[in-house]
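You will see chain A twice below: alongside chain B first, and alongside chain C after that.
Moving on, here comes the complex of A and B:
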């Protein structure tokens, strides 16, 4: 699922009431998982809320809504921000990677991040960041068939990666697992991570 | 029995054989997943009759013992009767956050009032999956 599709989703209780909508996605400090969401009120002109939603309180996340048990699932928004910082202690970028340049450890520029791909099982404890959608750089586009400069491609991520304000460092082998669409991307991520773990 | 067949049924007293009103709406209680009452119009007094007070729900009419069972709604009934508590035309979400469609009709047990099925645009959802009915959506358990 693309995180851009999560923004503006309504937050709905099991009782069927919409109590908020997603404003921003908070990533844990190392960018490896979604720690929660900041919220806005419902409606076009509603402002941000003082409450946020931790991922651990999410009952279900789908194409049309974020489901929570009831209003008590919302925590002060500072708790969400703190969770984003404390997940690995570094508190690096707060997780905003959009526009960052993706570099391989071999020094190749793959492109710029335009969206973040997450994967989760509803009811599980973690919402894992598994990849980035990038605007392909010239060098990557030249290697990928049917891609041109600026084509959007999906790059799988290892479990952990180095993030600075402007660069994301991925293993050079990630290049081999770039895929064009979301269907089948999950398999590419698994294959890529298995290969990093040294499994065949 | 589907709601669309029950709607507009006349409500007749078995004591006097008088027509006491017309079925206008239903009160669906998500906690018990059953219809706990009917709202009526064109009555002399009150607008709600509890399902447990009905004598029978038949193919052509709903019968009640007498007009005295038609009451003004209490607070709980009023909450179920307003727009927030109604399910018709409302969006249906499963608890995984995916939309299934909108409610077109419901199928209920004419004996007990139990909700058998929610009838959506392109599918039906078993009544025992119902979790809640709120201002935004009807929430059901995912498959």
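Moving on, here comes the complex of A and C:
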């Protein structure tokens, strides 16, 4: 699922009350686990809220709403940000990754992030960032079939992300697993991670 | 100045003010994907 499909979703309680809407998706730079969401009020003139929603409090996430048990599921927004900080602090830089440049560890520019892909299973405890959707750079477009400069492509990510300043680093081998199709992207992520782990 | 020129001037100023406020509000509500959860990097950080 793309994070752009989650942003602006209403947060609804099991009683049917519409209590907020998703603003930002926060994830850990070390491991890519989604920690939760910052929230905005409902209605055109409502601004950002001081409460956030931890992923552990989410009962269900679908195409049309985020479901929580009740209003007490909301926590201070700082708790969401704190939960997203890396355990060892090495991966965290803070800030919005949309618009950041993706570079391989071989120094090749792959393009700019236009969306982030998350994988989750309602009922399981984890929601992970597994890829970036990028606007392909000239060099990546030249290598990918049926792609031109600016074509949107999906880049799989390793388990541990590297985020520094305004550059997002990925292993050079990720270029070989770039995909244009979200339906087959899960398989590309699994194959990429298996290759990094040295599995056949 | 004729009265209708004043009217046009007031309408243009009102449109600019309302448009600016709506744009500001849309910017405040716009979502993002924040990594690490620490302080935003400014230009595109969450508000």
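One rule holds in what follows: the second predicted complex is superposed on the first by the 191 of 200 C-alpha atoms of A that agree within 3 Å, B and C clash if a C-alpha of one lies under 4 Å from a C-alpha of the other, contacts with A are read in each partner's own complex, and residues count from 1 in each chain.
Criterion: a residue touches a chain if its C-beta (ideal position, glycine included) is under 8 Å from a C-beta of that chain, and two chains touch if they have at least 3 such contacts.
Just so we're clear, the structure is a prediction, and the values are computed from it rather than from any experiment.
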item	value
Contacts of A:172 with chain B and chain C, given as first, second, both or neither	neither
Touched partner set for A:187, first chain B, second chain C, both or neither	neither
Most chain A residues touched (candidates chain B, chain C)	C
Which superposed partner A:59 touches (first chain B, second chain C, both, neither)	first
Contacts of A:23 with chain B and chain C, given as first, second, both or neither	second
Chain B versus chain C as contact partner of A:116, first or second or both or neither	second
First, second, both or neither for A:82, with chain B first and chain C second	second
Which of chain B and chain C A:67 touches, first, second, both or neither	first
First (chain B), second (chain C), both or neither touched by A:98	second
On chain A, positions contacted by chain B and by chain C	none
Parts of chain B lying in touch with chain A, wherever the complex brings them together	30, 84, 90, 93-99, 131-139, 142
Chain A residues within the chain C interface of the complex	3, 7-8, 22-29, 35, 38, 40, 44-48, 80-86, 91-99, 116, 161, 163, 166
Of all residues in chain A, those that touch chain B in their complex	9-10, 12-18, 59-67, 122
Parts of chain C lying in touch with chain A, wherever the complex brings them together	25, 28-42, 44-47
